[in-house]
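Have a look at the structure below, then the notes.
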Amino acid sequence: MSVFVDLETRLLVQGITGRDGSFHTRQMIAYGTKVVAGVTPGKGGQPFDGVVPVFDTVADAVRETRANATVIYVPAALAASAMYEAADAGMGLIVCITEGIPVLDMTKVLPYVHERGARLIGPNCPGLISPTQSKVGIIPGNICKPGRVGVVSRSGTLTYEIVHQLSSNGFGQSTCIGIGGDPLIGTNFIHCLSAFQADPATDAVVVIGEIGGTDEQQAAEFVQQGMTKPVIGFIAGQTAPPGRRMGHAGAIISGSAGTAAEKMAAFAQAGISVMKRPADVVPLLRERL
Amino acid sequence: MSVFVDLETRLLVQGITGRDGSFHTRQMIAYGTKVVAGVTPGKGGQPFDGVVPVFDTVADAVRETRANATVIYVPAALAASAMYEAADAGMGLIVCITEGIPVLDMTKVLPYVHERGARLIGPNCPGLISPTQSKVGIIPGNICKPGRVGVVSRSGTLTYEIVHQLSSNGFGQSTCIGIGGDPLIGTNFIHCLSAFQADPATDAVVVIGEIGGTDEQQAAEFVQQGMTKPVIGFIAGQTAPPGRRMGHAGAIISGSAGTAAEKMAAFAQAGISVMKRPADVVPLLRERL
Amino acid sequence: MNLHEYQARDILKRHGIPVPDGDVAQTPAEAQTIAQRLGGKVVVKAQVHAGGRGKAGGVKLAAQPDEAAAHASRILGMTIKGLTVQKVLVAPATDIASESYVGIIVDRGSQRPVLMVSDAGGIDIEEVARATPERIYRLAIDPRYGLLPHQGLGLALRLYRDLAQARSAAAIMANLYAAFYAVGASLAEINPLVVTPDGRVLALDAKIVIDDNELGRHPEIAALRDTSAEAPSEVQAREAGLTFVKLDGSVGCCVNGAGLAMATMDLVKYYGGAPANFLDIGGSSNPQKVVDALRIITADPHVKAILFNIFGGITRGDDVANGIVQATRQFPLAVPLVIRLTGTNEAEAVKILTQAGFSALTDMDEAVRQAVARAAT
Amino acid sequence: MNLHEYQARDILKRHGIPVPDGDVAQTPAEAQTIAQRLGGKVVVKAQVHAGGRGKAGGVKLAAQPDEAAAHASRILGMTIKGLTVQKVLVAPATDIASESYVGIIVDRGSQRPVLMVSDAGGIDIEEVARATPERIYRLAIDPRYGLLPHQGLGLALRLYRDLAQARSAAAIMANLYAAFYAVGASLAEINPLVVTPDGRVLALDAKIVIDDNELGRHPEIAALRDTSAEAPSEVQAREAGLTFVKLDGSVGCCVNGAGLAMATMDLVKYYGGAPANFLDIGGSSNPQKVVDALRIITADPHVKAILFNIFGGITRGDDVANGIVQATRQFPLAVPLVIRLTGTNEAEAVKILTQAGFSALTDMDEAVRQAVARAAT
């Protein structure tokens, strides 16, 4: 068992012939993900690497291959359109890796996707992986091991760091999810925590947050009220100066609500074990399990 | 009992100080409708006729008076905004009398109203009346009598004609509803038929249609599949030349689908007794009851 | 309100849709000047609110400017489906590799604007819809989001295998949708949308119908109205705030409300007569409207009797009665008048009419029977 | 990207929002000319990306053109919050009857643009939010429908009892919302929105921040960037495709990914050091980016050690290694370099680094500890 992706995931790749799309498609196939189709307008009919059928439109791809999830690697200027198209074609899961999408695009994409009942992960995220079952996105498969810890993170490489710590110390993962660092994203901490709480294959959850916004505080409230499984948390950005922008559009501190100190306090108050540094994840997990 | 409006209806009038609004507000109050508030921006605080409190916004009016239905008499250029405002304020029933509203305005108003769970009747309609309980709109109260026949119509004055026939011959009405003749309206025949079918105070229904569109055909299908109560029908426009516009924007004949002949055939096939002329309503009702 | 082809082309052009060059002419000399400026072969097209212009001889190719003038002189003044041609469009004759259809209307069923495309362009699209419906692709557009890029491209790929052409067509669809809302259209179509031999996608002919209810907020569009291209009685009716359609019978009808007006006409036929017109005086009547209505009805020499059928709601019976009295004072009626009047202010109305020497009925069937009888004698 | 007040005013004006006349000057002579043209009293305002200009002496009233020139000469070249004033706005001094605040930002919680208004305008709105939150009214706008007329009027009626003023303010809100989407803003505010003694509603000062992700499709907005108003190292970093923020410590950090970069800085502090910067080389790294990053970091004289922390995902370790090697060939490093590198193409990377005489660690804590120690010596 796992969360959001598993052996039943039949993946479509939007932007399969692009630089990033082709590279990561090969990585996903090598990992064992069932990549059933690709989409690049104008390249329909020319199989990718001779094996994955490519279509002009998502609707065509879904009709022909019964794909039930899609991952988007198209350039930022086309990404909103790709998400609309995926939702229109009835995709249940849409994972958008693309970074640099204007926030105002997302103000319209999000209700559209929501109205059609799709789950969007991202944008500007590394995707997700259920080790040995399905890898959707760019999380390096070799750092993950199958196991019973769920991981959810707003960050990319910081996630790899912590997952690496877990795997190296015998804690495999049920699913690792990078929800993305943009201000407007489709799936937040609470959606993931609630899925992990319901997943019988997950025993504990690691939450990796950062400065900016109040998602972590809301996650803390959810953990306190709705979770029985142990949760370990980390917040990046303790040394970030207030009010300065730190790469992620999400990392603008507004008032005091977005500081690392406040988020760590909210975590602690909700019974989440708070790491001081990434390497703390292993001892804290041992303590709680 | 009745449909959509009854003794519990607490009515707000949008555009209460206008020419039509003030005239019909007095008529509705004289009929016994509970008119609890009016709205005219800039005239908040100046009671209408000294008795009905007037507010600047619908939200203010609802907060102060617990109005649960609204009727709109504002000019066409402001009518869409009035409907948005009513839906935003949580109105359960919105009756829009105003005619001349651009169809493209309605393409946006309709989903907005729908998302907020409100029932919109009209626009460009005479409103509705549950005799002796509540009159909302402009249907002359004196032609109606309380009773057990439901009336639903796309027309205004033609409805009066037929209701007049009913009342003069001992058939009172549970509710008479003018749904409006515009191409895009909030409440269609099926919504009304289904309400009348569910209403224990209604024994039979009179449906008054006209050329243009396929609402009558869909109503016929609904009657055939979902109604046990007798239905009597009329279609105006048998002598309308094909393709000519007949005053109602709704009355453009498209292909053969909108002709009176086709609609009458659909009615007959669905077991609806079809009037040849308005005066037939009484003998046909006698036959079916 | 119907726009002429040349007006619709201008709107498309303003919204970034490629249309061939060209201009409108009201005289053969103007046509010649335009043809000269354009150079090469041109097409001279009658500008009338009627389909089938080609079959009627209203569209002609000209190799030389003087030939364009000659065609213009034949086409100007020509009558097509009862309408006199007052203007011609002179445009370059475009070489065509393929023809498609693109149109937008508001669909009552989905309550949304529907984009329709077909690879069977250049011909009567209603005939295509009847004969080969599978060649028409439809998409209901969610106006909350507009036409999304993938939707336009998806439809365009049904028309063109070439990606560049499909992208051009998709951009044209997006611009047509924007124009549709911007001008307040109830129909906007490009037929044909052509591909030239060198691969450009162009709107060769365009038709736009404006929702009359939009004209108030689009004065620049309202100014495009060409009353010379409409029947004078209908122009007169519109200016008086009446809805009027001329028909062939002998019973002139003056009714309040479109539904009741149609039912009245139907009843005229039911009793063996034939209505001379549809006329709806509308809701908020005033006496002047009734005067104007009577003036329009009586201008038709086929009218042998006039039937008023008024069921007062918003319309006040006394207003109508006053209008009848005023009208008959201003111009004597040559034909009998049958008045049915009930509802709001009925008593006052009857009093006014009686004092002026008219009688009023209250029963619709009786009134129609009398009017039909009077028209027959 | 921050816009200057005069640029934001231009955008508002283009979107139909009334702003006072005025123009921007780069010299006292230009300021004098503008003041002359405007006539009467003027205000001379420093154009810098910083709040609190008034308190810093960057906003001055002038009764005469030569006084405007004198103020301009004092303000131009002045330093406000570390930024040098290069331009002043010269505008008529407006008489003010009341001041309000109107702003739009995108709210993460509702995932919608939020319109905020307050009758406490003219001052620091964040202070108002803290001290008297009940004086701020918020409305989350559904972008599928836009700001609806009744919503704007409803908020405007919170600011003004006079209906005409409220309608003017509502129109300004609608136009501000349109501008917000049209230019791709992440913040657009008018503070103060004033009413003049004769009842006109005007935007007296405006602030617009553009979402950097929008600049690609708004070249006319991107062209407004004033690099002279930004820190040179940040300009350099942006042009190299890096995200860089200068800090006060001694450990230069070069990391892939914003989250890991922040966690690295935190760990530097955890082990007793102080980060000299935030630097994210981003995902699709190439060797040149690493060269540029090292150039920027080494330009800071406070940097005593440089720490690379790379966890390869999209970023390929060999690209980073090649970049380090190329950089050190182009310019010798005066400070020690500690490299932590793991993930994609780790083996190739270690080989490249080893051949060039560098060693690479795989443990983050160990690397940070070493870097802090080296910086301390």
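Read from first to last, the chains carry the letters A, B, C and D; within each, the first residue is number 1.
We take it that contacts are C-beta pairs under 8 Å (C-beta built on N, C-alpha and C of every residue); 3 or more make two chains touch, one makes a residue touch a chain.
Just so it is clear, the model here is predicted, and its values are computed rather than measured.
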Topological distance between chain A and chain D, in contact steps: 1
Interface with more contacting C-beta pairs, comparing A-C to B-C: B-C
Between chain B and chain D, centroid-to-centroid distance (C-alpha), Å: 55
Mean-CA-position distance for chain C and chain B (Å): 28
Interface hub residues of chain A, defined as touching at least two other chains: 108
Contacts with 2+ other chains: residues of chain C: 144-145
Graph class of chain-chain contacts, one of line, ring, star, complete, other: other
Inter-chain touch pairs (all): A-C, A-D, B-C, B-D, C-D
List of chain D residues in touch with chain A within their complex: 106, 108-109, 111-113, 126, 129-130, 142-144, 180-181, 184-186, 211-214, 216-217, 243, 245, 247, 255-263, 265-270, 275, 278, 280, 283-284, 311-315, 342-344, 364-365
Partner chain D, residues of chain A touching it in the complex: 19-20, 76-77, 99-104, 106-108, 110-111, 126, 138-140, 143, 153-161, 164, 181, 183-184, 208, 210-211, 213-215, 234, 236-241, 244-251, 255, 260, 276-279
Complex contacts: residues of chain B adjacent to chain D: 41-42, 56-59, 81-82, 84-85, 88, 108, 112
Residues of chain D defined as touching chain B within the complex: 145, 148-151, 153-154, 157, 163, 166
Footprint of chain C on chain D - complex, ascending: 144-145
